[in-house]
Amino acid sequence: MRRTATGPDRERHSSMSTQDPSTQDRLTHIDDAGAARMVDVSDKDVTARTARASGRVLVSPRVVELLRGEGVPKGDALATARIAGIMGAKRTPDLIPLCHPLSVSGVKLDLSVADDAVEIQATVKTTDRTGVEMEALTAVSVAALTVIDMVKAVDKGAVITDVRVEQKTGGKSGDWSRS
Amino acid sequence: MRRTATGPDRERHSSMSTQDPSTQDRLTHIDDAGAARMVDVSDKDVTARTARASGRVLVSPRVVELLRGEGVPKGDALATARIAGIMGAKRTPDLIPLCHPLSVSGVKLDLSVADDAVEIQATVKTTDRTGVEMEALTAVSVAALTVIDMVKAVDKGAVITDVRVEQKTGGKSGDWSRS
Amino acid sequence: MRRTATGPDRERHSSMSTQDPSTQDRLTHIDDAGAARMVDVSDKDVTARTARASGRVLVSPRVVELLRGEGVPKGDALATARIAGIMGAKRTPDLIPLCHPLSVSGVKLDLSVADDAVEIQATVKTTDRTGVEMEALTAVSVAALTVIDMVKAVDKGAVITDVRVEQKTGGKSGDWSRS
Amino acid sequence: MRRTATGPDRERHSSMSTQDPSTQDRLTHIDDAGAARMVDVSDKDVTARTARASGRVLVSPRVVELLRGEGVPKGDALATARIAGIMGAKRTPDLIPLCHPLSVSGVKLDLSVADDAVEIQATVKTTDRTGVEMEALTAVSVAALTVIDMVKAVDKGAVITDVRVEQKTGGKSGDWSRS
Amino acid sequence: MRRTATGPDRERHSSMSTQDPSTQDRLTHIDDAGAARMVDVSDKDVTARTARASGRVLVSPRVVELLRGEGVPKGDALATARIAGIMGAKRTPDLIPLCHPLSVSGVKLDLSVADDAVEIQATVKTTDRTGVEMEALTAVSVAALTVIDMVKAVDKGAVITDVRVEQKTGGKSGDWSRS
Amino acid sequence: MRRTATGPDRERHSSMSTQDPSTQDRLTHIDDAGAARMVDVSDKDVTARTARASGRVLVSPRVVELLRGEGVPKGDALATARIAGIMGAKRTPDLIPLCHPLSVSGVKLDLSVADDAVEIQATVKTTDRTGVEMEALTAVSVAALTVIDMVKAVDKGAVITDVRVEQKTGGKSGDWSRS
């Protein structure tokens, strides 16, 4: 994985280099004494924000056939993951200790079956004081976990990979996209 | 990614080839009409079961420094992810629609900071009618999401990768490990 | 039931006939590809909204006596259902997959014991981008389920019926009431 | 409704007349001082138990067309309600104050579109100290609420009706079915 | 408070002196590397266990009058706290990171209004691998918080005090009571 | 305890005497019929509000040594309680029946180990229609319960005491602090 890892790593830095110089040298969720805290966002503006995240579940050829409905009806398989992902987005502040609760105003999950993977994309919108990157990543992760749960009797070895933010808009740090 | 993906894929099949022939040709969570269901496990035995899952969060060199406490106290950073993962394991049936609620009897999260990633491993135990693979994968995913939340001000491009079951013991399908 | 059902059905149409022509020919929660989504309400106005819903739990004469405290103290029986309903209203987005989380600003539950039923009414208020009809219906349903739980040892056959929105105010589609 | 109500009422009593004489004259969830309590079931046997509940959502003809996919793909509409119902069954002890948490071992939701209604049936299994009637009723209610949420833009007047236990097996009070 | 504190402190030690020598010199929830973990209880016996905890909310004389219903109906005030406490006991593993989920088999909350306080007592039962001390303490704490919420408009200064385990039975460490 | 109790009691009244005369003679959460309700705050202003609460867990000398890391690494002990408290603040409306859901914009937990107790302080901020006193008190209570869970194998007799609001700012009733 190292080599592949380096790939996104390099992109990441080109794309980061112009972002948030102010916050690049500390973990904002940890105070000077090293204690975790929910960062105070009272003074941030309430603005429209969106985030898009993606991820993939690597599955066996047999699972691909089943999810494509070859031979058997695929039925609710992808719908279950889609709905789990949407509900997962709403549970983000319950799951991630330092996430702010916020009023998600829209969630869209796209799942498609590629030759060796289920591709997942989540788009989340809000009008609030913080961004929805974590909500989008949580939606992708919960949908991916649900895919694994659906297929695990057929394929114990499925792997969740490449869960990452693709793009965000709005907020003080402005727009960002993975170059 | 395709090449790397093929790697685990191949392993997966060697390791799968002797598993569950009975269930390999259908999605157990979908009935003949295509409807999602929570599979009836009433007749399965209550036995001791364990699962170990792992995953990685690819982060920038600066994040590695911060999480290693170079220059600044790392404080609660990894503890927050560890605790989030343990709590996440308990939330699995709330998040994954068709997962059975079960009485988790032990959860251990190990996080370590490698040169370009945070490595996460979760071990979950139960004595119940179903396995805890999903609980272990959920623990890893929630811990990984929490790591991203902790570092996102410094590194917007962090990526969750290689979330997968490493080993399971107990239950009708017996022991399994990723070869 | 068919005949009775037709009753509300007919009302419903007279009352519907002037509502939302724009949305009457599709399921807004399903996109063109048939995928469930949480509708994007980012552009809707934040306005004061209310909804009132009602429902009934048909119970046996003995249950009516007990809930009226004839012979025995009724104690917390109705209070338990009232509180469960109020808490249920707050859980709506956790339960209904495509509901938007919103900040409920007031909830009132009224329970009364009629000759053959417990009558339940819920009024919910918010100042947000979407209405609270689902919150009011969920409050009524959870209160009704709690009534059944309270009385089931005495009356296994209790029935929840006529759970419906009576009135709503605010929002783009304006005021509506069951004629 | 009164006349129709009397119908189930009468059934109910014939069917009740041979049930639980011991508990017929009090609300078990209320102690002698009138205080709500979670009844102590420590001494009850762990046995296999099932419950089947049903309910209906009365909808307009246009909704029936849409849910049958006439003209447009119905897509995830019924799947969303089915999955919400399954998840709702697992949330029962969170919603109903005096319900015991128990390990649901199987949940099946059946939804079908009749001429003027969506018919819902839930079957829940457990091997535990208490029955799963409340889990089955909660599954039906949450699925029904989800149907209303899906169709409310088209039909504000949908009504949930006839939510009731049809049959239970196992436990001290033995088998019961609505005659 | 020091003096009063010393009181329970002293008791505590007399009562502790014969307990769990094996575990008295470490924090069982922290492993040798200092990491939090959910202790593995797989090998502990499933036995009947009970715990009783108590606590008090110090309130103003006016609040005492109101809660005693002098002049005005006290209505659901204490019932709300009682029900919140029962529900709180069920939420314990969601709230306390390292608590094991367990199947609570009975919960009783007693609230009484003394001259300067609301006295709260919770008794919890289970048949499981771990004790229910935390469930009893959580029930008392949530009931106490609910009392404060009910009275805070009248008395901003209410104080929760003396929340503690009074007695436990069952389990490897056997019976214990505050001497 | 009575004497100590009178202390805060007296303070309380001096500090209360100038507060909210309007609401001092009723329980706002109970309507005229005695029914619990979630008070309608639709007409209250959205303003910046803060609350600070504190509490203490009385523990044995051995626990103090362990939490100070004398001899053994204290590791995640206090971090676990800190994170539990932050997450607890977000769960307040799920736990306290009549609390309004609100968007917490910042939470800080401070824990320190005194000679006979763990001292806990929580500061919560929001910009909403109601105050965050209950969120601050819930954060302190959940952190305190977590401390007890961490130490209970060593000290069964730990006691939570003095959980109370220290200060609030914002809102119609203005600023308040415990004199």
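Observations on the structure shown:
Read from first to last, the chains carry the letters A, B, C, D, E and F; within each, the first residue is number 1.
Everything below uses one rule, namely that a contact is a pair of C-beta atoms (placed from the backbone, for glycine too) under 8 Å apart; a residue touches a chain by one contact, two chains touch by 3 or more.
What you see is a predicted model, and the numbers here were worked out from it, not measured in a lab.
Fewest steps needed to get from chain C to chain D, stepping only to touching chains, is 1. By residue number, over half of the contacts seen at C-D repeat in one listed pair from A-D, E-F or B-E, namely E-F. Ranking B-F and B-D by contacting C-beta pairs places B-D first.
Ranking all chains by how far their C-alpha centres lie from the centre of chain F, first place goes to D. Mean C-alpha position of chain B lies 38 Å from that of chain C. Annotation: 33 Å between the Cα-based centres of chain A and chain F.
Distance between chain C and chain E, defined via averaged C-alpha coordinates, is recorded as 35 Å.
Listed for chain D are residues 31, 35-36, 76, 79-80, 82-84, 87, 91, 94, 97-98, 103, each touching two or more other chains. Under the stated contact rule, the graph of chain-to-chain touches falls outside the line, ring, star and complete shapes.
In the complex of the two chains, the chain B residues touching chain E come out as 48, 79, 82-83, 86-87, 89-91, 103-110, 125-127. Residues of chain D that touch chain E in their complex: 31, 35-42, 93-94, 97-98, 100-103, 128-129.
Listing the residues of chain A that touch chain D in their complex gives 76, 79-80, 82-84, 87. The touching residues of chain F, counted against chain E in their complex, run 1-2, 4-6, 8-9, 11-13, 15-16, 19-20, 23-31, 33-36, 55-56, 58, 60, 62, 66-67, 72-77, 79-80, 83-84, 87-88, 91, 94-99, 116-117, 133-134, 137-138, 141-142, 144-146, 148-165, 168, 176, 178.
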